[in-house]
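What follows is a group of structures, each given as structure tokens.
Two complexes are shown next, each including chain A; its partner changes from chain B in the first to chain C in the second.
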Partner chain A sequence: MNNKIRFLIVEDDEMIRLIHKDFLGDLYPECDIIEAENGAQGICHYFESRPDIILLDMMMPIMGGEAFLDILEEGHQTNILKDKPKIIVVTAIKDVKELMSIGKRFAVEAVISKPLVQTQLKSLLQDWIPKNE
Partner chain B sequence: MNNILIIEDESVTRTMYTGFIQRIAPKFQIYEAGNVLEGICLCFHKHPRLILLDMIMPAYSGKLLIDIIEEGIKNRIISFQPKIIVISAIETVEELTALTGRFSVTSVMPKPLPFDTLTEILKLHLKL
Partner chain C sequence: MNDDFKSIPVFDKEKALSRVHYKEDLLDRVLLIYQKSLVDRRAIMTQELFMQNWEALKNLAHSIKGSSLTIGAEQLGEVSYAMEKAAEEKDLDLFNKLFKIFQESIARYIEFDKYE
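This part shows the complex of A and B:
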């Protein structure tokens, strides 16, 4: 992965999308950032653009994050999908058991609780995207 | 692309649909999905011209696929628009109205499927 990395933000709150976008744009000025305001749009963008990293909210109208994860996991189980994006779930869910069960999912790389701790996200991304590559 | 996708959880019914469509549209490649999640992945992967969609399936219903396709079309995220033939054991007028009102749904057919009607629909939409 390099600076031209492609991000997909799946989040219904426009303000949070903007915060994510600014944050990622500052960290990786040459990256591509795609936005979706619900899981259904997110799935369409995923298949059309194949992002490297996805920031996924869980609770959204029309289709939530759980269905998004279910679709991707089914795609991998049935070998329809070959590439595996790194999915960071960014959620307001506070229940520890629920958070743990999301974190254990095959498709999920990390779970971050809202309000987003940007240092947490930055540290994750820096592990995945080495500098000067 | 000359692809047709069948999304149906009952394997015997799926096989029956496949056999029938193969006879009607032999030049088309048929893909089968046993649930809507697999169906969504195949839909984006194969861009079928026509989807035969069972509505009532375990875990997620056919509505999920319709929601996704409509969001993709409305927001101009996807460039393909499959013709969706919904197969449903319709029990109420409200259910029928809700389905026929969806812009991505081409036809709604009762279950069990009348094959003579399906033949006509396939001929019409696939230009056979």
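This part shows the complex of A and C:
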């Protein structure tokens, strides 16, 4: 991965997408950012664009994060999908059991609570993405 | 809920600014989107409440909670959290009371925003 990294933001709230987008753009000015308003759009964008990193909300209309993860995980288990993007769940869910079960999912690399503390996201990304070569 | 609730900040500008790395212009855009979505969601919520569509009410309250807490609209964040729980429990009486508080909180937020 380099600075040309591709992000997919799957989030129904336009305001939160804007904040994520601005933050990622500042951090990685050369990156591509694709936006989806729900899981169904997110899946389409995933197949079209093969993002490196996905920021995923869980509770969304039409298709939520749970179903999005089900589709990706089934794709990997059946070897249809080869690439495994890093998925960071960003959620306002407060129930600890629920958060833990999301965190244990095969496709999920990390879970961050809303309101998003951007330093948390930054430190995760910096572990994964080498400083601009 | 009411007395203590009213002492919670309507809007914490410092928190909001910190979420957008102190970019005033970005905050202006964010708040415009927030206020519009708040009003839109309230209208949808009114319809869903009439139909007692608990799943939709829970999702709407959850979304409002997330965006409100993100921009430091503390009162709206708290009341929408409570509405989310009431929808989960399908408690119509409680939800109705909270929805009234929610509407008052929106009015306070909009009033506050006008003078900022």
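Keep in mind that, in the parts below, the second predicted complex is superposed on the first by the 133 of 133 C-alpha atoms of A that agree within 3 Å, B and C clash if a C-alpha of one lies under 4 Å from a C-alpha of the other, contacts with A are read in each partner's own complex, and residues count from 1 in each chain.
Keep in mind that, in the parts below, contacts are C-beta pairs under 8 Å (C-beta built on N, C-alpha and C of every residue); 3 or more make two chains touch, one makes a residue touch a chain.
Worth saying up front: this structure is predicted, and the values here are computed from it rather than measured.
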Clash or fit (per the criteria above) of chain B with chain C on chain A: fit
Partner chain in contact with A:44 - chain B first, chain C second, else both or neither: first
Touched partner set for A:62, first chain B, second chain C, both or neither: first
Superposed arrangement, angle subtended at the Cα centre of chain A by chain B and chain C, nearest 10 degrees: 100
Contacts of A:80 with chain B and chain C, given as first, second, both or neither: first
Contacts of A:20 with chain B and chain C, given as first, second, both or neither: neither
Which of chain B and chain C A:92 touches, first, second, both or neither: second
Touching partner for A:115 - first (chain B), second (chain C), both, neither: second
Gap in Å between nearest CA atoms once chain C and chain B share a frame through chain A: 17
Complex contact set, residues of chain B against chain A: 35, 37-38, 40-42, 44-45, 59-60, 64, 67-68, 70-72, 75, 77-78
Chain A residues within the chain B interface of the complex: 38, 40-41, 43-45, 47-48, 62-63, 67, 70-71, 74-75, 78, 80-81
Chain C residues within the chain A interface of the complex: 19-21, 23, 26, 29-30, 33-34, 37, 59, 62-63, 65-67, 69-71, 81
Complex contact set, residues of chain A against chain C: 12-16, 18-19, 22-23, 26, 57, 59-61, 91-94, 114-116, 118
